[in-house]
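Okay, got some structures for you below.
Note that subunit A is present in both complexes that follow, paired respectively with subunit B and with subunit C.
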Partner chain A sequence: MGFIAVFIWSFVLWLVLTAGSKGLLWSPEELVAGLIFSGVIALTTKDIIGEKASRFLNPAKWVGFVVYSIGPLFWGMVRANLDVAYRVITGRIKPGIVRVPVELENDAQYTILSNSITLTPGTLTIDACPEEKALYVHWINVTEKEPANSEVIAGSFEKWARRLGR
Partner chain B sequence: MGLIVKTTARATIPLIGIFGAYIVSHGHLTPGGGFQGGATIAGAGILFLIAFGLGEMKRRYNHHLYSALEGLGGLVFLGAAMLGLGVAFFYNTLWHSGPVFNGEPGTLLSAGYLPVMNLAVGLKVFAGLLSAMVAIAAFRRWNE
Partner chain C sequence: MIEWVIAVFLAIGVFFNLLASVGILRFPDVYTRIHAATKCTTFGTIFIVLATVTYAVYSYFWVERDPSWITIGIHSALVVIFLVLTNPVGAHAIGRAARKSGILPHGAVIDELEGRL
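This part shows the complex of A and B:
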């Protein structure tokens, strides 16, 4: 299964890179070369990408990723940028590192949530500890020293990460 | 490295690899070529080495295989250069009268022996750079 996941993942990037070789589409020789190179890449990296990577081949998940990135994530970034601009001008900051307990099961969920928290300015994930089910987050304006869940830092991101990475 | 670096490396190593293959195989059409693409692919290997550590790298790295691949790259380059030896060394006979690689300029299968040489150089650079990095990482201890 790892082979198929890597193959499709790299072939899609090849298609994006070589688009426009015949009008707006792909010439047959580019397609054949893409199949060969993706096959080589898939053979060499099939046990690096992880055993369960093929769950991301589910189209419902792609829709989820698109909706998440142009919906909650983009909106969260806009809001957080404005908030940081306000803090830059007024200088009202109270920085600190807080421990955020999270309810996630696998690596992909931790990665999605940590990257979302880091992408929204003002919060920066320092470490993810799956064994104690917590993230350590550097926060520009600490309002709660020991948050009970990630709601106050990340809003709805944890719910989305749980759904997208499952 | 931590969990996030490892998970991101799992997803990006194939992408770096296919991007390097794109640079190598389009060396006669777009900027880049054998060395640049080979160094890009070696970057994927170095990312693996750094993200997963030397122990994991040692389990998957075969010195003899990489040594043979590097030699193979050099030999293919030399072989492509000798194809037109009837006229001159490095004579591009594939382009002038060859059965393949003599398509319309601007397409993938054009430019004679250049794509073959780019692939050879890419393979050689990848194998050489990655072996060098693994050898440096496996150096026995820190000497004062």
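This part shows the complex of A and C:
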């Protein structure tokens, strides 16, 4: 399964990168070369990607990722940048590192949630501890010293991360 | 018309990249500087690339039907995906390394990582 996952990902990337060689489509020689190269890459890296990666081949999950990145994530980035602009100009900061307990099961969910937290308003993930189910977050303007869940830091991102990384 | 759309995108992108550099100069310690540097540069670069994509799509459909315009658009859009995936990871690595080497956050009201790393 690891082989198939890597193969499909690298072949899709190859198709995207080489579009437009024959009109807007692909020439047959390029498709054959893409198959060979993707096969070589899949053979060499299948142990790194691992068995569970094939669950991301589910098209419903891709739709979820697109909706998530255009909707909540982009809106969060807009607010984050206006927030940073405000703090750069006025210099009003109250920083601190807080511990945020989260309810996530696997590493992919931790990756999605920490990346989202880093890109959105006033927060930066310093350390993720899956063994104690917590994230350590540097917060530029601490309003609550010991948050009970990630609602006050990340809004709805924890729900999205749980759904997307499952 | 299309020039104005591209100009607005470029203006937003350059403004936020400028804001990132001003933030690096104004903020007091490494963590707050990482805040300014990561968020603003990612966001600003997204808008600069959006200007490129707009220009490429416009040129393909209204100027000349050359597939290399589409290639330019797709490759620029891929840059955004890779940037958004890798930039926060880099920020996280720098922040964690700084905390591990004992740099305390300036003027922190709370530091839960005290004595843990």
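Annotations for the structure displayed:
Basically, the second predicted complex is superposed on the first by the 165 of 166 C-alpha atoms of A that agree within 3 Å, B and C clash if a C-alpha of one lies under 4 Å from a C-alpha of the other, contacts with A are read in each partner's own complex, and residues count from 1 in each chain.
Note that in this section contacts are C-beta pairs under 8 Å (C-beta built on N, C-alpha and C of every residue); 3 or more make two chains touch, one makes a residue touch a chain.
These numbers come from a predicted model, not from an experiment.
Superposition of the two complexes onto subunit A shows subunit B and subunit C fitting side by side, with no clash.
With both structures placed on the common chain, the touch criterion links A:Leu17 to subunit B and to subunit C. Centres of mass aside, this uses C-alpha centres: at subunit A, the angle toward subunit B and subunit C in the superposed model is 80 degrees, to the nearest 10. By the touch criterion defined above, A:Ser114 reaches both subunit B and subunit C.
In the superposition on chain A, A:Val142 makes contact with subunit C only, not with subunit B.
When the two structures are aligned on the shared chain, A:Thr125 is found in touch with subunit B and with subunit C. In the superposition on chain A, contact of A:Val88 is made with subunit C only, not with subunit B. In the superposition on chain A, A:Val102 contacts neither subunit B nor subunit C. Of the two partner chains, neither subunit B nor subunit C is touched by A:Ile153.
By the touch criterion defined above, A:Phe37 lies against subunit B but remains apart from subunit C after alignment on the C-alpha atoms of chain A. Closest approach of subunit B to subunit C, taken over C-alpha atoms in the A-based superposition, is 7 Å. The residues of subunit A shared by its contacts with subunit B and with subunit C are 17, 21, 114-115, 125, 127. Of all residues in subunit A, those touching subunit C in their complex are 16-17, 19-21, 23-24, 69, 77-78, 80-81, 84-85, 87-88, 91, 93-99, 114-115, 118-119, 122, 124-127, 136, 138, 140, 142, 145.
Subunit C contributes residues 16, 19, 22-23, 26-29, 31-32, 34-36, 38-40, 42-43, 46, 67-68, 70-71, 74-75, 78, 84-85, 87-89, 91-92, 95-96, 99, 105-113, 117 to its touches with subunit A in the complex. Put simply, subunit B touches subunit A in their complex at residues 2-4, 6-11, 13-15, 17-19, 21-22, 25-26, 48, 103, 107-109. Interface residues of subunit A, counted against subunit B in their complex, comprise 6, 9-11, 13-14, 17-18, 21, 27, 29-30, 33, 37-38, 40-42, 44-45, 48-50, 53, 107-108, 110-111, 114-115, 125, 127-128, 130.
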